[in-house]
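Below: the structure, in C-alpha cells.
Labels run A, B, C and D following the written order; every chain starts at residue 1.
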Amino acid sequence: MSFPLLTLTAAVPALGAVATAAVPAARRTAAKWTALAFSLATLVLAAVQLVRFAPGAKGPFQLTESHAWIKDFGVRYELGVDGIAVALIALTAVLVPFVILAGWHDADPLETKSSRWRPTQGFFALILMVEAMVLIAFEATDVFLFYIFFEAMLIPMYFLIGGFGDRAGEHGEAETAAQRSYAAVKFLLYNLAGGLIMLAAVIGLYAVTAHQLGAGTFSLQEITQARADGRLEFATTTERALFLGFFFAFAVKAPLWPLHTWLPNAMGEATAPVAVLITAVVDKVGTFAMLRFCLQLFPEASKWATPAILVLSLVSILYGALLAVGQRDIKRLIAYASISHFGFIILGIFAMTTQGQSGATLYMVNHGISTAALMLVAGFLISRRGSRLIADYGGVQKVAPVLAGTFLVSGLATLSLPGLAPFVSEFLVLVGTFTRHPVIGGIATLGIVLAALYVLVLYQRTMTGPVREQVRRMPDLRARELAVVAPLIALLLFLGVYPKPLTKIVNPAVEHTMSQVHKTDPRPDVPVKAPVTAHDVEAAK
Amino acid sequence: MENLIGLLVLAPLLGAAVLLCGGRRLDRAGHWVGTLLAAVSFVIGVVLFAYLLGRSGDDRELGVTVFSWVPVGGFRADVGFQLDQLSMTFVLLITGVGSLIHLYSVGYMAHDERRRRFFGYLNLFLAAMLLLVLADNYLLLYVGWEGVGLASFLLIGFWQHKPSAATAAKKAFLVNRVGDMGLSIAIMLMFTTFGTFAFGPVLGGADGAGEGRLTAIGLMLLLAACGKSAQVPLQSWLGDAMEGPTPVSALIHAATMVTAGVYLIVRSGAIFEGAPDAQTAVVTVGAVTLLFGAIVGCAKDDIKKALAGSTMSQIGYMILAAGLGPVGYVFAIMHLVTHGFFKAGLFLGAGSVMHAMDDEVDMRHYGGLRTYMPITFVTFGLGYLAIIGFPGLSGFFSKDKIIEAAFAKGGTEGWILGGAALLGAAITAYYMTRVMLMTFFGEKRWQPAPSPAEPGAEPAAAHGAGELPHPHEAPRTMTVPMIVLAVGSVFAGGLFTVNNAFVKWLEPVTGHEEGHSPVSALTVTAATMAVLVVGVALAWAQYGRRPVPVTAPRGSLLTRAARRDLLQDDFNHVVLVRGGEHLTRSLVYVDHTVVDGVVNGTAASVGGLSGRMRKLQNGYARSYAVSMFGGAAVLIAATLLMRAV
Amino acid sequence: MNPVNYLYLAALLFTVGAAGVLIRRNAIVLFMCIELMLNACNLAFVTFSRMHGNLDGQVIAFFTMVVAAAEVVIGLAIIVTIFRSRHSASVDDSGLLKL
Amino acid sequence: MSHAASVHSLWTLAADAPKKIPGPHIEYAQLAPVLIVLGAALLGVLVEAFLPRRARYHAQVLLTVVGLAAAFASVVALAVGGYAHDKAHVAAMGAVAVDGPALFLQGTVLLVGLVAVFTFAERRLDPAVQGRPVDSFAAQAGAVPGGDAEQRAVMAGFVTTEVFPVLLFAIGGMLVFPAANDLLTLFVALEVFSLPLYVLCALARRQRLLSQEAAVKYFLLGAFSSAFLLFGVALLYGYAGTVTYAGIADVVSGNVQTPGPALADTMGNDALLLVGGAMVLMGLLFKVGAVPFHMWTPDVYQGAPTPVTGFMAAATKVAAFGALLRLLYVVLPGMRWDWRPVMWGVAIVTMLVGAIVAVTQTDVKRLLAYSSIAHAGFILAGVIAVSPAGVSSVLFYLAAYSFVTLGAFAVVTLVRDAGGEATHLSKWAGLGRRSPLVAAVFAVFLLAFAGIPLTSGFAGKFAVFKAAAQGGAAPLVIIGVLSSAIAAFFYIRVIVLMFFSEPKADGPTVAVPSPVTSVAIALGVIVTVVLGVAPQYFLDLAGQAAVFAR
C-alpha cells in the first residue's frame, strides 16, 4: 500500500475545517489564518499530486487507493486520478486560498451579538469543508463514493450561500436576507432534486451490476472492465434511463439550460468568494462527472443522447450570453456568462472529439480561473459601493485604475481573448465541435460575439464615462486584494501562452475516454502532407 | 537571423508589459521607453530587410518555430513565425510608421497624465500587429488579429471619461468580433478540410479541396477582413473610432491595422483563387466600400471623420485589387504601403490642426490656417496630392494600377469595377479638396473654445472658455514625423514603380500576372486624370469660390444620409441594437416567468396541493375513521380485484 | 342451522358497529360500537371454531373478551377525563388538533 | 399444532380417563427479554404502591433502566448464542418466534426504550415547583385541567412516576409484536403495547387539553383499527382453521396433504383469505401510519407529551413493521401476487401524501409526524421487495430512523417559551443564531430525515430503494426519489428558518437539559453519523438477521 496521497489531500482541508471551527469566538483573525494555512497545505499536496502524476503511465488511474467500505452496497473507498481529475484538483486547490483571502472580511460580524454566534469561524470552516468534499468527488473512482460527496457538498454550500451575503444595499436587511435565503433554498432544492434522480439511477446501476455480475459494484474500473469483457451488458433502455438519471444531476449542477435558474440567484446573493466557489469549483464537479461517469459508464447512451445535449448546450451558450447582456446586476451578469460558458464545456464534452474534450477540460480550468478573477474583482468593487447594480457605477477607471485594469483583463479572459487562457480552451471546443457538427460549431461561434458584448457593456457602464459622485472616493485595490487578483491574472496569461503543461496531462485521459466511447476523431477531408510541428520535434526528443 | 524575428515582436511586447505594469515610477520616462522599443523593432526590421535583400528572390522566406502551443490530437498549433517578402513589407510599414507616430505622440500627448499608459497600449498594438503579419499559421495570426483589436479598443477608448469614446471603443471591438467569428470559422473549416491551419500546407493543398469548401473558407475570411478593414457591411465602427487620440487614428485606423484585412486576403490568395465566387464577393465588397467611404467622406464636417471615410474608401481599393487575384495582389499591397504614408501623414496633419485649434474638429470652424501653421500645411498638402493621385506622387502610381487591373477583370464585371474605381477617384478628389479648402484656405471661421473639457482630457486647452483659439505650429516631435511621412507620400510610389521593383519583390510570394485590360493603360491614366480634375473643380466651385457656412446647410437627401454614414448606423441601431435589446429583454422575461416559472410553479402547485390535502385533516376523529374505513374497503376491494385479474 | 348464517350475522354486526363509529358523536356510544365490532369478531371466531371442529376460535374469544375489558378500562378512563375537562362527550367537540 | 389443539383433545375426549394435563412447553430462557421487561413493569407497579412518593422517581428510573438494559443484554446473549440464525426457531409452542428479525427488532426496541427513558426522566426543563423538579408529565392525570385539584397537585409537586412501568408494559408488548408467530399473540401484543400508549398520550403536563384530545383520538381510532384486525384474524382463522403462521402459510400455499372436509370447504373460499388478509394488513398499516390509515398520526404526535411522541414514533414503527414483515413473509408469501400490487399502491400514496402535506405544516411536531408518514412509505418500499435484502434493508432503516426520530423529538423538548414547548415553527426562527449547537444538532437530524449522504437516513434510504429496485420495483424507487425531493423542501425550510431568519424578540429560549436528555440527543447524533459513515457493520447485522423462522 503506497502513501495515501489522495486521501491526505482531501483530509487536510477537512481537518482544517474542524480546526477553524474550533477557534474561539473572539479570535476571528486566528481562524482566518488557520483556514488560509490549511488551504495552502492542500495546495502543496495538490502540487505534489501534479508532480507525482505521470502523464504517460499505463492504466486510466494513478495514485490509486482502494479499501472496502460498505460491502452490502458494493461500495468501495476507491480513489484514483487521471489527467482530468488532477487538473481540476489543482484548480480547486489553487482557487480556495484566493477565495479565503478574498473573503477575508466577508464574515466579520457587524457587532458581536452573542458569544456563541461565530460566523467567521463558520464561514471559513464551511469553505474548507466544501473544498474537502469537492476534492474527494474529483478523486473518487467509485460511483457511490462520488455520489455521496456530490450530494454532501450541497450542505456546506447551502449554508455559505444562505448565511453570508453582501452588506445590505438599498433594499434593507430584511429583504436582502429573504432573497438570500430564497437563493440558498433554490440552490439546494434544485441540486437535491437532481441528486435524488441520480440516486435512482445509482440504485439502478447497482441492480444491473448485481444481477449480471453476481455482486453489485460501483467501481468505475470494474464496470468498464466488465463491459469490455462482455460480462456486463446494459439493455438499451436501461442504459438510457440510467444515463439520463446521471446526466440530469450533472446538468443541474453544471448547469445546463433549462435547469440553470438557480445559478443567477445563488451567485447573485452569495458573497463574491462564495459565488466563485459555486461556479469555479463546485459546478465543475458536474461537468467533470459527465466526462468521467456519463461517458465511461454509458457510452452507447451517451452517443444516443448526444444530439439533444448538443442542442441544449448550444441553447445554453446563446441564451446565457443574451441574458447576461440583459442583466442589471453585476453578479447575475457573471452568473449568466457562466451559464454560457458551461454550455461550451458541455458542447466540448459531447462533441466526442479529442479537441472537444481536451478543450472542455481546459475550459473547466480556465473558466475557473477567469471567472474567479472577474467575480472577485467585481466583489471588491461591490464591497466598496455596497450595490450590485451596474447602473450605480460609472467612471471607476478614473479613481481606481488598477481595479479597473484587473477587471478589464479578467473580462477579456471571460470573452476569450487570444493570449489569455480561456481562448485556447474555447477554440479547442469550437474546433472539436466543428469537425463533427459543423452547423452547431458554427452557431456556437456566435457566442464569442455575445461574450464580447456583455463583457464590454459591463466594463463600459461601470468603469468608463464621467465619475459618479458615489464612486469618487473609492479606493483602489488594496494589497490583499491585489495579492488575490494578480496571481490569477498571471495564471491566465501563462496558460494562454503556454497551455502545454495542462494539455500534456489532460490529453491521455481524454484519449482514454474517447476509447471508452469507441469514438475517433474525424479525418480531414483533404489531408495534406502533415507538416512537422514543434510538437513532433519535442515528442521525438 | 531567424531568432531576430521573435525579437521583433518581443521588443514592443516588453515595452507594453513594462509600461502597463510598471506603475507611476515610469510616468516620467515611459514615453521614451515606448518610442525606443518601437524604434528597436524598426531597426531589427531594417536589418532583416537587408538580410532578405541579400538573398535570392525565391529564397527570401525565413521560418522559425518557437514552441508547440496547443497540441491536442491532430490539432497542432505552434507559435511559429514566417518572414517573407509580404510580411517584411508589413513589418517595415508597421515599425516605420509606428515609430514615427510614437515620436509624434510624445508631443501630442505631452499634457496627458496617462501618457505612460498610452505608450504601453501603442507598444501592445505594435506587438500584436507584428504577430499578425509574422505568424506562420492562421491560429497565431488570429491571436495577433484579436490583439490589434484589443489595442484598438483600448486606444479608441483611451479617454474613457468621454462616454462617446467608451461607446466607440466597445462598438469597434464588437464589430470586429463579428469579423473574428468569420476568421475562427475559417480556421475551423481549414482544420476540418486539411487537418491543419499552417500557411504552408493549407495554401499548398488548397487545389486539392473542393470549390464549395474553398468558397466557404474564402467567404469567412472575407467576413474577417470586412470587420478588421471596415468594409461594408462591417464598416460602421471606423467613423466612431475617431474618438481616439489622433495618433491612434493615424497609426491604427489609417496606416496599419485596418489594412490587416488586405493582408489576410492576399496571404490567402491560394484559397481565393480556387473559389471564384468568393473572389467575386471580395471585389464586390471592395467596390461598394470604396464608393461608400468616398460618399461618406464628402459629407462629414469633422475632419477626422472625413479622413476616416477616405480610409474606408482607399481600403476598398485595396480589397478590390486583392479580389482580382494575382493581377491585383501586388497593387493592393503597394497601395496599402503608399496609403500608409499619406493617410498617416494626413491624420498627423489633422492632429496638428486640432492641437492648434483647441481640439476643434469641425472643419467649418477652421479656415485660413495655412499661414499660421506652414509645416502642417505643406505636409498635409503633399499628402492631399498623393491621395488624390496627383501625377508623380505615390497615390498616382498605386491607384492607377488598381483601376487598370479592375478594368482588366474583363467583361461586364470589369467595366463595372473599373467604372466604380474611376468614380471613386473622382469623389476622392472632391472630398479631399474640400477638406483642404475648408481647413487651410478661405477666411477664418474660428469659434470660441467650447467649455473646458473634463480635467485630464485631450491636450488640455491652453486657453479658457470663450476665447478664440491661437493657432500655432506644432512642436518638433510632431512636425518631424509629419515631414518624414510627407516625403514618403511623395516618393514611395515612384520608388516602387521604378524598374517594377515592388512587383519583383512581392512576386515570389503572391504571384503576379499582367492584366489584359480592354482599354489601354494610357486611356485609363487619362480618364483618371480627367475625373480628378472634375472632382477638384467641383470642390473648388463649392468651397473655394464661395465662403463656407459656419453651420452646415441642410443639404440634399444624399448629403444628409451621407452625414449619417448612409443610414447604415441607423439600420444597425434599429435592427441589431433595438432588436437585440428586445430580444434580451424578452429573454430575461422568459427566463424569469417561463423557465423559472415552471420550477416555481411546480413548487407552488405542490404547496397548493399540500394546502388542500391538509384541509382533510379536519380534527374530527370520525372523519379519520371514515378515511380508515374507506381505506379498508379499498384495500379489500383491491385485493379481491387483484385475484380477479 | 347452517353455520354460515352466523358468519353473515357476524359480518352484519361488524358493519353495524363500524357504521356506528362513523355516525355517532358521543364518545361512549362510539366506544360501544367498537365493542360491538369486537363481539362480532367473537361470533365469527366461535362459528369458525365450530365449522373447523377445533377449539382455537373459542379460546380466542376469551382472549378477545379480556382485551375488550382492558380496553374499556383504559378507554373509559380517558373519555371520562376528557369529559371532565370539556363537559362534553362528543368527539366532534375535540377539534383542537387539526390541519 | 399448539396449545389450542391440546385443549381440543381435552374437550372431545372428556369421557376418557382423565390424564395428566400436559404442561405447556415454554422456553423461558429464550423469552427472557420479554419476561424481564414485563417483570420490571410489575415491579414498577409495586414500587408505585409501596415506595414513598419522594423515592419513587429514582427507584423507577433505576428499575426501568436496569430492566431494559438486562433485557437488551439477554437479547444480545440470545443473538450471540446463535438464535439469530442457526438456532432460530419458534418457541413457546408456536406462539413466539426467536429468530433474527425478532431479536434485531427487539434489540432496537429496547435501545429505543432505553433512550426514551432518558427523555422521560428529564426534570430540568420545566421550572421546578416548590424546589422540586418536575418532568413533562401531568401532576395528576385525573384532575381537570386548570381546576383546583390540579392546582393542588401541582403545588404538592406530584409527579406521575407511573409512566415508567406503563412504558415498560408498552415495550413488553412491542417486544412480542414483531416476534408473534400466531395471530392471537399478534392481537394480544398489539393491545398490550397500544393500551399503555393511549394512557401515556394523555399525560402531558402542559397543554393538557391537547394531550387528552390526542389520547381519545388515538384510543378510539386504535380500537377501531384493532377491531378490523381482529375481524381479519377471524376470517383468516376461518379460512385456515388455525391461527398459527406456519399453519396458515401451509394452507395458503396448498401444502396441506389431507385437508378435512371443513378445511377443504373454507380453503376453497379465497374471499376469506383475501378479505381477512387485507383487514389484518390494515390493522398493521394503521400502526405504521400508512396512508390512508395515517390520520391519527399528526394529531397524536402533536398532542402527546413530546418524550412520548418520540418513543411512540420510533418504537411503534419498529414493532409494527416487524409484525408486518413477518406477516407478509411468513404467512402470506403464497399470495404475494395479490398483496404486492396493493402494497405498491399504499407505499406510493403514503410517500406522496406524507411528503406533500408536510410542506405546509407550521408545527414542528406535526411536521415530524408527516415526515414519519413519508418514511413509512419508504420503508414499505423495502417491505415490498420480498427478498432477504428487503428484510435486512427494512431492519436497518428502522434502526437508523428510530434514533433520528428520538433525537429530533428530544431536541423539540428543549425549545421552550413561557407556555412550555414552543412547537410552532415561527418561533424557531433564528434559533441558529441564538443556540447554534442545538440548531446544528437538529439540522443534522433533519438532514438525516432528508436522506443526505453521510447520514444514517441516506444509508437506510439507499438500502430500501436498492432492495426495491432489485425486486423489480423501479417505479416505486422513482416515486420514492421524487417524494424525497418534496420532503427535502420542508426539512430545508426548517433549516432556513433556524439559520437564515432573524430571531424574534419574544422567541423561545433553549433550556439547558440535564445529562439524561443530553445523552439521548448525543446518542441520536452518534448513531446518525456512524450509521451514515460506516454502516457496514450494522448492515451485516441486519443482513444476518434477515431470515425468518417458520
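Everything that follows uses one rule, which is that a contact is a pair of C-beta atoms (placed from the backbone, for glycine too) under 8 Å apart; a residue touches a chain by one contact, two chains touch by 3 or more.
From a predicted model like this one, the values you see are computed outputs, not experimental measurements.
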Touching both chain C and chain D we find B
Co-neighbours of chain B and chain A - touch as defined = D
Chain whose Cα centroid lies at the greatest distance from that of chain B | C
With centres defined as CA means, the chain nearest the overall centre is A
Leader among chain pairs (count of C-beta contacts) | A-B
For chain B and chain D, let me know how many angstrom lie between their CA-based centres, rounded off.
-> 80
Approximately how many whole Å separate the CA-defined centres of chain A and chain D?
-> 45
Round to the nearest whole Å and give the separation of the Cα centres of chain A and chain C.
-> 65
Centre to centre, by mean C-alpha position, how many angstrom separate chain B and chain C?
-> 96
Contacts with 2+ other chains: residues of chain B = 603, 614, 617, 619, 621, 625
Taking each residue of chain A in turn, which ones touch at least two of the other chains?
-> 189
Would you mind listing the residues of chain D that make contact with two or more other chains?
-> 216-217, 220, 224, 228, 298-299, 489
Return all touching chain pairs.
-> A-B, A-D, B-C, B-D, C-D
Can you name the residues of chain D that touch chain B in the complex?
-> 216-217, 220-221, 224-225, 228, 270-271, 274-275, 277-279, 281-282, 286, 291-293, 295-296, 298-299, 337-339, 341-342, 345-346, 353, 356-361, 486, 489
Chain C partner, complex, touching residues on chain D are 4-5, 7-8, 11, 141-142, 144-145, 184, 187-188, 191, 195, 198-199, 202, 208-210, 212-217, 219-220, 223-224, 227-228, 230-231, 233-235, 237-238, 241-243, 260, 262-263, 265-266, 298-299, 302-303, 366
Touching residues (chain side chain B, partner chain D) in the complex | 603, 606-607, 609-611, 613-614, 616-617, 619, 621, 623-625, 627-628, 630-632, 634-636, 638-640, 642-643
Enumerate the contact residues on chain A facing chain D in the complex.
-> 68-73, 113-114, 116-118, 147-149, 151-152, 154-155, 158-159, 162-163, 173-174, 177, 180-181, 184-185, 188-189, 192-193, 196-197, 199-200, 203-204, 206-207, 210-211, 216
For chain A, which residues are in contact with chain B within the complex?
-> 189-190, 257-258, 260-261, 319, 322-323, 325-327, 353-355, 358-359, 395, 397-398, 405, 412, 417-419, 423-424, 427-428, 430-432, 434-435, 438, 441-442, 445-446, 448-449, 452-453, 456-457, 459-460, 463-467, 497-500, 503, 507, 510-511, 521-531, 533-538
